[in-house]
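Alright, structures below, take your time with them.
What follows is subunit A paired twice: with subunit B in the first complex and subunit C in the second.
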Partner chain A sequence: MRRNKQLSNADVQTRRFGLSMISPTIVVLLIMTAYPLLFTLFYSFTDYNLLRNLRQPAEFIALKNYTDLLTDPYFQQSIWNTVKFTILAVIFEMLIGFAVALFVNSLRRGQKAMRTLLLLPYLLPTVTVALSWRMMLSPNYGIVNQVLQTLGLPVFNWFSDIKTAFGMLVLIDVWQSAPFVFLLLYAALQSVPQSQYEAARIDGASRIKILFYVTIPNIKNSLALCALLRTIDSFRLFDKVNLLTGGGPANSTSTITQYLYNYGISSLDFGFGSAGAIVMTILVLILSSVYIKRAIQ
Partner chain B sequence: MAQVILKNIKKVYPHHESKKKKKGAEDKQLSLQVTDEGVVAVQAFDLDIQDKEFIVLVGPSGCGKSTTLRMVAGLEDISGGDLYIDGQRVNDVAPKDRDIAMVFQNYALYPHMSVRENMAFPLKLRKVAKDEINRRVEQAAEILGITQYLDRKPKALSGGQRQRVAIGRAIVREPKVLLMDEPLSNLDAKLRNQMRAELIKLRQRINTTFIYVTHDQTEAMTLGDRIVIMKDGVIQQIGTPQQVFDHPANLFVAGFIGMPQMNLFDAQLVCEDGQYAVKLDRVQVVLSDAKQENLSRKQVKPGPIILGVRPEHLQLTGEAEQMLHGTVEVSEMMGSAVHVHLHAYNRDTILIVPTDKPENPVSFPYGSKVCFTFNGSTAHLFDPDTQKNLEL
Partner chain C sequence: MKKLFASFLALTTAVSLTACGGGDSQTAQSGDDGQGETLNLILRAGTYADVIKECLPAFEEEHNVKCEVQELSESDLYSGIALDAINADGSYDLCMVDGSWMAEFTENGVLANLSELGYSLDDDIIPATTSICYVDDDVYLAPYYGNVTVMMFNKANVEAAGYDASSIESLDDILEICQKAQADGKKGFIYRGDGQNNLVVDFLPILLSYGGWVVDENNQPTVNTEEFKNAMNYYLELIATGEAQVKDDLIASIDTGAGTMGVGWPGWYTPTADSTADYIALKGTATDSSEAYNANVYGIWTIGIPANSQNKELATELLTYLMDPAVQKSTVASGGVPCRYSSLQDPEILKTYPQYEVVCQALESGVYRPVIAEWTQFYTTLGTEMDNIINGVKTVDQGLADAQSQLEELMAG
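== the complex of A and B ==
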């Protein structure tokens, strides 16, 4: 008994020590994550607006912000734009990233050089990427239009034309983020044991069959993780839209975050913006729940 | 079930590829031949493997045994020479069309498939009927004693069970040639012994040609109909286990085959009145009639030689002037025998002293003097320059 008691005392001490060690992290997390989230949740039920008299406290208006938001056709279009953008960007990024990873992994020489070159777009800051593409696609002095003109092909005002603006945003995002997919899947491909490929070759599998029976099953977790990370990231798309189109033309490129920026942050209507942020958080949580559930298991 | 012929097979890794392999190669401290073409991993490999024969390629790490096997499998290109399986030249035939199966050291099972699916996979790819696939998988599972694991995934199996599944996947195809690349190396010593015995049984049940690669001479001796001993990409000797043990072609084979390895001494070959004898220190041992005949036939001249005597052939004697002697460094009690490590004539020497004879001591204190001798029929004589066996 005495021995058990001594052991349990030691256990308590160990636990205390552990708690004291992780407490700084918990404090930082509470300040940086929990507090802003609760703050946002609270203000989403109020009419907190900095354009009004600041001495007048924000009033509780229950779900009015949410009903306004969900019935606003601009918000509905933003949701649709975001979903459309996410689906297209993730599909193209995954396909291109995976194809390039397979190609580089199959190279006998120059893998390192290819890896570095292919990663460059991902290493650039988004602002640089956006501005570079804006210059290249500029209707006045952009190289793309000049080339098209020389070839006698029609030219476009790429970011102001409703037919092309959305497609250009997808293209730029794919250009910048496919290397991320490439890197993650390339690393996963490197970990597939060579002997499994060799066994499959001897067993009589063609290249396509090896891809479906050996490669993909071996890296399926990385594929799932990669698709999830890209989905969440694409869902939160803001910087490229804000820098290149501002949500236009005719709201055709407005994403949820751009909508929140326009109607919540720019107009200082923080109550309404907070409701939008909460809706977005819920959508992202639903998207990532599959992965979180798997991680917990 | 086929004859396999390797004619003057050669493997050269071009310089850019050999650089990639350098890291691994450095560990093994290879002394492979380097030419303008690249690093020569295997050269002048000639071997006729008979139908249903069990051939074992054995040698130290980096000797080219796995490379040779992989060339037979089609996983490595052949740089020179011809490879025939069942009379057909297969140098440029894809692995899947060679009708071979291979068992890998690390099993190479597909982790996402169950044992049944793993074993059925090669048959499924060959579009064999479902009923036939089931029949063959169950038959192979029964032979290997893994029927109860058919619906498990490989990760739920032990190393030995996984290796059985890998063997099962190879035998369901009923291939012409079954290749095995160090299949027991990842298992612990006890399981390795058990699996070795099972491989011998398996061999009796499935009549096919086996090519087996190992660095373990016990596996080579117990499994092979014939053994191919390799070093630095070159065949050193081909023969039955008994042949290579009794008549090693050179010093390398003499040292490699046999556990503990053969003792070597710098000695003199003398010929008096037409009788060959070995002289070491003050001891002169007349060679057996068979050895006399071999040496006479080859007209071997007297002179310095390297004398090899296996530890079990050194006999402990009482202390006497006319005996060989050494100082005890270590003695290891193995139960049925004591392995006595001596320092004798500037060489490390091992003497095996059986414990079942009452006259033999079982204790050999450090630093004590031990006298021993050997019989003329058990001496092996090697040329100190060419390192070749003088009798062959």
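== the complex of A and C ==
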């Protein structure tokens, strides 16, 4: 009996020690993550405007920001644009990144050189990427239009034409972010046991079968992680849109973040902007819930 | 050994923390190279800041002061000033302010009362440019850079259409020139389609020429009027001759002749006798026979002192120095556009920079954007609906009716 009690005390002490070890991390997480989130949530129920607040404090307006936001057709359009962009960008980035990773992994020589070259777009700052593409697609001196003109093909005003602006943003994002997918999947491919490939080959499996029955099952966790990270990142798209189109033409490229910038941040209506940020957080959580659920299990 | 290492780490951390937290506001204001105080300026990037920067060394030397300049884009400048305004001790001592921010800034006590600091505007400054600088007879801002909308054009394209700078009388002439250029395989009218502010600002001179405006005398929105619709229909016809481009492309287009005309600002381009492009002030007439209105819209960059500046007296001296007629005249060679008769009507200056005659005329009859605290939301809403109309998502009637109802809601609070 006494021995059992001693063991139980030891358990409690071990648990306490464990808690004390992780407590600094919990405190940091609470300060860095939970506090800003709660702060944003609080302000989303007020009419807080940064400048107006200097002369009159923000007032509690309950759900008005949320009802204004969710009934605004431009916000609805920006949600649709964001979802559309996320789906297209993630699909293309995953497909291209995976294909390139398979290709580089299959090379017998030059893997290191290819890896470095392929990573370059991802290493560039987004501002540089956006401005480089703007120059290349400029209707005046852009190389793309000049080449098209030389070939006798129609030219476009890429970022100002409602038919092309959205597609260009997807293209630029895929160009910059596919290397990230490549890097992650390439690393995962390196860890697939060669013995499984050899066994499959001995059994006479075709390349397609090897891909679907050996490669993909072995890297499925990396594929899921990659898709999740790209989904979250694509959902928060802002810098490219802001630099290249500002959400236009006719809101065709306005994402949720761009909408919040135009209607909440640039006019310093942080209460309204906070409501938008909360809605966006909920949407991202829903999108990533499958992965989070899996991680918890 | 481990204890020694741990003690060393603890000591290093303590020293670092002490060093990080050791400064106070007074030392932050002091120069670190043997000079006296430091003045922090927050300015609009580009020529507007460049001309101020070139004047600073003389002031620094005379007052034994160091001036730190932060150059920002228009939207960053606005949020930079606003974000600093909530601090009791401000980081900035002199700020550049767009005229359209004036109401919001003064209403919320962002700017210092310059009259109380002993500054007053002199008679040499073009009177119309000072209209927004006062609140109840007190000066809050000084008009520094005379930006006013002008019509940029490519000389060769305009000549090919049978016109020159002096013969462009009305908006109909502009449309005819652009249509002829389009027929010749060039682009006619180029406009800035990126961002609601640009869309609205480029359109305002056209709207004024049709006798319309975005608000009435009580600052209530007037965007669903006959004048606005006529101006919008004309604008749609005009922009159909060209296309939307970003600012740099617009300038390059008109300079190279790929494009023919576009609304611009003097700060963008300095025409010379040999340059391929030039600009004129709009006459404010829609047709040759219609009434002439003031159609030049101010984009004047004013300078002021934040109310929470820690160096108001010295900042006032700097502002007075920058507004000095002789100092302002010296900036002309670098692209400065003072709002002063002594600079813009100086025969020597006009000999080298004849375009200042046009700028002076435009500044004398310019119109400020509405001085309302809600201007940022106002142009965002209007610009969004104009963008829809321009891209065919909504009809003129539908788009303007939607804009009117949204703006009425906005102005009702």
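We adopt the following convention: the second predicted complex is superposed on the first by the 267 of 297 C-alpha atoms of A that agree within 3 Å, B and C clash if a C-alpha of one lies under 4 Å from a C-alpha of the other, contacts with A are read in each partner's own complex, and residues count from 1 in each chain.
Definition applied: a contact is a pair of C-beta atoms (placed from the backbone, for glycine too) under 8 Å apart; a residue touches a chain by one contact, two chains touch by 3 or more.
Please read all numbers here as calculations on a predicted model, not as lab measurements.
S.K.: Looking at the combined model built on subunit A, do subunit B and subunit C fit side by side or clash?
M.R.: Fit: subunit B and subunit C sit side by side once superposed on subunit A.
S.K.: Once the structures are superposed on A, label A:K209 by its partner contacts, choosing first (subunit B), second (subunit C), both or neither.
M.R.: The first partner, subunit B, only.
S.K.: Which partner does A:R109 contact after superposing on A: first (subunit B), second (subunit C), both, neither?
M.R.: first
S.K.: Looking at A:L151 after the superposition, I want to know if it touches subunit B, subunit C, both of them or none. Which is it: first, second, both, neither?
M.R.: neither
S.K.: Subunit A residues in contact: does subunit B have more, or subunit C?
M.R.: In the superposed model, C touches more residues of subunit A.
S.K.: With subunit A's C-alpha centre as vertex, what's the angle to subunit B and subunit C, nearest 10 degrees?
M.R.: Between subunit B and subunit C, as viewed from subunit A: 150 degrees.
S.K.: Could you look at A:N218 and tell me whether it touches subunit B, subunit C, both or neither (first, second, both, neither)?
M.R.: first
S.K.: Just to be sure I read the superposition right, which of the two partners does A:Q196 touch: subunit B = first, subunit C = second, or both, or neither?
M.R.: first
S.K.: Shortest C-alpha to C-alpha distance from subunit B to subunit C once the two structures are superposed, in angstrom?
M.R.: 37
S.K.: What part of subunit A is shared between its subunit B contacts and its subunit C contacts?
M.R.: No residue of subunit A touches both subunit B and subunit C.
S.K.: What residues on subunit C touch subunit A, complex-wise?
M.R.: Touching subunit A from subunit C are residues 75, 78-79, 82-83, 85-86, 104-105, 107-110, 193-196, 243-246, 249, 252-253, 256, 258, 376-377, 380, 384, 387-388, 390-393.
S.K.: Touching subunit B in the complex: which residues of subunit A?
M.R.: Contacts found on subunit A: 108-109, 193, 195-196, 198-205, 209, 213-214, 217-218, 220.
S.K.: Under the definition above, what is the set of subunit B residues touching subunit A in their complex?
M.R.: 16-17, 73-75, 94-96, 100-102, 104-112, 121-122, 125-126, 169, 173
S.K.: Can you check the complex and tell me which residues of subunit A touch subunit C?
M.R.: Where subunit A meets subunit C, its residues are 50-55, 74, 134, 138-141, 157, 159-160, 162, 245-246, 248-252, 262-263, 265-269.
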